[in-house]
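Below are two complexes that have subunit A in common, paired first with subunit B and then with subunit C.
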Partner chain A sequence: MLQAVKNQFNVTVKTIKYGLMREMINKTSFIMNVSFMILNNASFIIQWIVIYSLKDNVGGYSFNQVLLLWAIAASTYGFSHFIFKKSYSLSDIITNGKLDSFLVQPKNVLISAITSDIEVSALGDILYGYIVLAISGLTLTRFLLFTLFSITGAIVITDIAVLLGSLSFWFGKSDMIADTGNSLMTNFATYPDGIFKGLARILLLTIIPLGLTTYFPVWIITTFNLKLTLIVIISTIIITLFTFIIFYKGLRRYSSTNLMISKI
Partner chain B sequence: MKKYLHIYKSELMSNLQYMLNIVFRLVNFLLLIFIFMNLWDYIYDNPNELINGYSKNQMIWYVIITEIIWGATDGRRYCRKISEDVKGGNIAYMMNKPYSYIGYSIASHLGETTIKTLISVIVGFAMGLFFLKDFPVLTLPAIVIVIISSILAVLINSLLVTFIGLISFIIEDSNPIFWLYSKMILVLGVLFPIEYFPGIFAQIMKYSPIYVTCYGPAKLFVDFSYSTTVEILLSQIIYLCIAWLMCHALYMKGVRKLNVTGG
Partner chain C sequence: MSVISVKNLSKSFKVKQKEKGFIGSVKSIIQPNYKVIKAVNDISFQVDEGEVVAFIGPNGAGKSTTIKMLTGILYPDSGHIDVLGIDPTKARKKLAYEIGTVFGQKEQLWMHLTAYDNFKFFSAIYDIPEKEAEKRIEELSKLFDLEKFINTPVRNLSLGQRVRCEFVASLIHKPKVLFLDEPTIGLDPVVKENVRKLIKKMNKEYHTTIFLTSHDISDIEKLCKRVIIINDGTIVMDDSMSNLKYHYMDKKIIEVKLKSKINFNNVKGIKVLKEKENNSRLEINTNETNLTTILKFINPENIIDINISNIPLEEIISAIYRKE
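After this line comes the complex of A and B, so read on.
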C-alpha cells in the first residue's frame, strides 16, 4: 500500500516535471505567462484601495486581511490548476472516452488523469500568493500555515472540480455545469464573507465550501485557532475520500469510445 | 458590409441551437451582479448618500451596464480564438477568402455573443428592477443614444481584443497581454466610474479605452446629459477608427511574415 502511494507520488512528480520542461522550451512565452499572471492578480489591489478609501472595514476584514484573502485564493487556485489542471476538463475526458489510456496504466486512474498536464500560468498565481503574504507580514508560522491552507484549499477545489466533472458519468456532457460551479468558487473566494447576508452567507460557508478554502484560513492565519485548523484538515480529508468514492462509482458506468490518442 | 452581416446572421442562427450553453454562461454574470449588489449595499450606509456623485442605485446600475457591455465581447474566448488562428496556421485558409479576416472574425464572434448579450440585458435589468425597485430617468432619444454608445463600445472593445490576438504574429502567445488589458478594463472601468479616481489619474483615464468601452455608455445610462453625449460619442468614433487602423496595420504586417508548416 505504502509502496503504491510512493510509486504514484513519483509518477505524479515526474509528470509535472516533464510538463514544466515542455512549457519551458519557449522561454519568452513561459516567462510572460508567469509574470503577466502575477501582474494580472496584482491589478485587483487597485480595486481594494478604492473600496478601502471609502470604508475602513469591509465585511469585517481590514485591508491587510483582504490582501491575505487574495493571497490564499490565488495560491489555492494556483496549486490546483498547476498540479491538477485536468480536473477542470474531467467532463471532456469522460465524455470523449479519453480515460482509456489511464485505465490501462497500473496507477490510480483519477490521480493519473487529473495530473496529466500542467497549467504554467498557475505558477504566477502561486508566486503572487507568497508575494502578497510577504507584503501583509511574513513570519515562519504564517508561512507554514499559508502553505498548509494553500494545499488543503487546492485539494478541496480540485475535489469540487472532480465531483462536478464526474457528473458526466451519469448525465453525459456536463462540462457547462462543471465550468459554472468552478467559476462560482473563484468569483466568491475573493470577497469578504461579511458582505454577504442570510442564506448566501450560510451557503458560502457550507455547501459551497469557501469557508474551508479561503475564509477559515484567513481567520486562522490572523488569529491562530487549533480547533478551526483541525476542522479544515479533517473536512479536506472527508471531502477527498467522498470524491474518490463518487469518481470510482461513476467509473463503473464508463464506456470507451474507441478513441485513438497518443500520449507523448 | 453585406457579407459581414451575412456572416453575423449565420453565426447568430447557429448559436440559437445552443441555448443551454448560453444560459449556463449567464450564471457567471448573475453571480457578479449579486456580489456587487452586496458589496455596494455594504459600502453605502444610506442608499441616498452620494459617493463621488453616485447614489447606491446608480452605482449598481453602472456595474450592470458595464458588465453587460464587457460580457458582450467575451474577450477571453475571442482573443484565444484569434491567437489560435495565428499560432495554428488557420489564418492561412482565411487570407485568400473574399473578405477581411478582421471583419470576418468580429462579425462571426459578435454573432456568437448576441443572444447571450440580449439575455444578459433582460436578466440584468430584471435583477436591477427587482432588487433596487428603481430605474434611471431616460427619455426615448436618450435610450437610443445609450444603445448606440453601447454598440460602439462593444465594437471598439472587439477591435482592441482583435489587435491583442493578432500580436501572436510577433510573440507566440498573446493571451497574457489580454489578461492585463482585461484587468485594466475590469478594475478601472467595469467596477468604478472615472470619478472614483484621483484628479490626474481620472484625466489620463479619459483618454484610455476605459472611457469609450465602459464608462461612456454606463455614465449616459445612469446620469444622462447631452453635453457628455457629444464628448463620449465623438471619442468613441475616433477610437473606433484608430482601433481599426491598428488592427489592419498589424494584420498586414503579420501576414507578410507568416510561415505555415504542414498541410
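After this line comes the complex of A and C, so read on.
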C-alpha cells in the first residue's frame, strides 16, 4: 500500500517535471505567464487599499487579514491549478473518452487523470500567495500553517471540481455546471466572510466549503486554534474520500468513445 | 493454456435519440428519448497463450467495446472475463501490469517529450527500476530500430515512427498479452508492412499473445492464424484462417481476355461480375460446374490471357458480414 502511494507520487512528480520541461522550452512565455499572473493578482489589492483608506474594518477583517485572505485564496487556487489542472476539465475527459489511456495503466485513474498536465501560470498564484503572506507578517508558524492550509484548501477545491466534473458520468456534458461551480468558489474566496449574512453565509460555510479553504485558515493563522485546525484537516479527508467514492461510482458508467485522441 | 477466457459477455449503451432540426432539439430536452443498443450480446470465446487472433467485424459490430472490457476500460453488464487469471472488473491495476495496449486512434505518448523521455515516463508508470528501464529501452530501440530518432520530440516524428514508439511504450513492461485496436490505421503501405513485421517479431521473440482488431484484411491475412468475426454484437464465426479460406474454396474467380466475345449470362455455375468489350471477370461455383467444362466452353483457342484465382479474403469476410 505504502509502496503504491510512493509509486503514484513518483509518477505525479514526473508528470509535473515533464510539464515544466515543456513550458520551459519557450522561456519568455514561461516567465511572462508567471509574472503576469502575479501582477494580475496584485492589481486587486489596490482596490482594497482604497477601501481601507476610507474604512478601518470590512466584514470584521482588518487590512492585514484581507491580505492574508488574498494570500491563502491565491495560493490555494495556485496549488490546485498547478498540480491538478485537469480536474477542471474532467467533464471533457469523461465525455470524450480520454480516460481510456489512464484506465490501462496500473495507477489510480483519478489521480493520474487530474495530474496529467500543469497550468504554469498558477505558479504565479502560488508565488503571489507567499509574497503577500510575507507582506502581512512572516513567522515560521505562519509560514507552516499557511502552507498546510494552502494544500488542504487546494485539495478541497480540487475535490469540488472533481465532483462537478463527475456529473458527466450521469448527465453527459456538464462542463458549464462545473465551470459555474468552480467560478463560485473563486469569486467568493476573496471577500471577508463577515459581509455575507443569513443563507449566503450558511451556504459558503457548508455546500460551497469556503470556510475550509479560506475563512477558517485566515482565522487560525491570525489566532491559532487547534480544534478548528483539526476540523479543517478531518473535513478535507472526508470530502476527499467522498469524492473518490463518487468518481469510482461514476466510472462504472463510463462509456468511452472512438474519437481520435492525442496528448498535447 | 488459455490466457483470455470470455463467458456470456454483454454490454449495452443507452443512446439519446433526437428528431431532426431545432424543434427536435427542444423536444429532446422536454421529453428525452433513449434507445438501448446492445453493443456486445452474450459472447464467449477463449484465446490460448502465444496465439495471434484477429477479432474483426464491420463498424459498430462491438469489437472496440469487447477490447475495452477485456482491458478494464469498460464494465460489462453481465458475463465473466478472465485475462491471465485476472478479472479486469475487480483487479484493473493488477491486470494493467500484465497487458499492453495500442489503440490506433488514441495516442498515449506525450507529444512535446522525446521518445526516450516518454519511455522513461512509462517505465515509472509500471514501477520499473531505473537500470532495468534503461536496459529495456535499449533492447526495444534496437528491435524497433528507433536509435536514429529516440531523442527527437514525438511531435516531430513521422506517423510511422510514432506508431513504432507507441508499440515500444506498450511493451516496456514486458506484457504477456497485447491488445491492438486498429494499429495500422492511417499508415502508408510500407509502414504497415513494417508494423506487421514487428508484431510477428514480438509474437516470436517474446511469445506475446496478440489480440488484434483491424479493418485491413492484409493485417489479418499476414498475421493471424485464427479469426473471430463479430457482427451486431454476436460472434458469427470463430475459426482458423485456413478453414475460413477452405469454406469458400468452392468459388473461383476467372479473369479472361478473349479474341471474340462470348455470352456468359445464363451459363450454369457462372456469375458475371464485370464485363467490358472482350474482357470478363467471372465467379465460378465449382459445386455446379468445374473449371475443365468452363475452359472448354470458352475454347482455349479464343483466349488471349487468363487468370484463375481464389476469392479474395476481403470478399469472403464481406460476405460473412453480409450474412451471405
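Going forward, the second predicted complex is superposed on the first by the 260 of 264 C-alpha atoms of A that agree within 3 Å, B and C clash if a C-alpha of one lies under 4 Å from a C-alpha of the other, contacts with A are read in each partner's own complex, and residues count from 1 in each chain.
What we mean here is this: contacts are C-beta pairs under 8 Å (C-beta built on N, C-alpha and C of every residue); 3 or more make two chains touch, one makes a residue touch a chain.
Computed from a predicted model, the values in this text were never measured in an experiment.
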item	value
Subunit B versus subunit C as contact partner of A:103, first or second or both or neither	second
Partner chain(s) touched by A:22 [first = subunit B, second = subunit C, both, neither]	second
Partner chain(s) touched by A:248 [first = subunit B, second = subunit C, both, neither]	neither
Which superposed partner A:11 touches (first subunit B, second subunit C, both, neither)	second
Partner chain(s) touched by A:170 [first = subunit B, second = subunit C, both, neither]	neither
First, second, both or neither for A:256, with subunit B first and subunit C second	second
Touched partner set for A:224, first subunit B, second subunit C, both or neither	neither
Complex contacts: residues of subunit A adjacent to subunit B	26, 28-29, 32-33, 35-37, 39-40, 43-44, 46-47, 50-51, 54-55, 58-59, 121, 176-177, 179-180, 183-184, 187-188, 191, 194-197, 200
Contact set on subunit C toward subunit A in their complex	13, 16, 64, 68, 71-75, 92-94, 96-97, 99, 101, 103, 105-113, 117, 120-121, 124-127
Parts of subunit A lying in touch with subunit C, wherever the complex brings them together	7, 10-11, 14-15, 18, 21-22, 25, 97, 99-101, 103-107, 172, 252, 254-256, 258-264
Touch list for subunit B against partner subunit A, complex	20-21, 24-25, 27-28, 31-32, 34-35, 38-39, 41-43, 51, 171-173, 175-177, 179-180, 183-184, 186-188, 191-192, 196-197
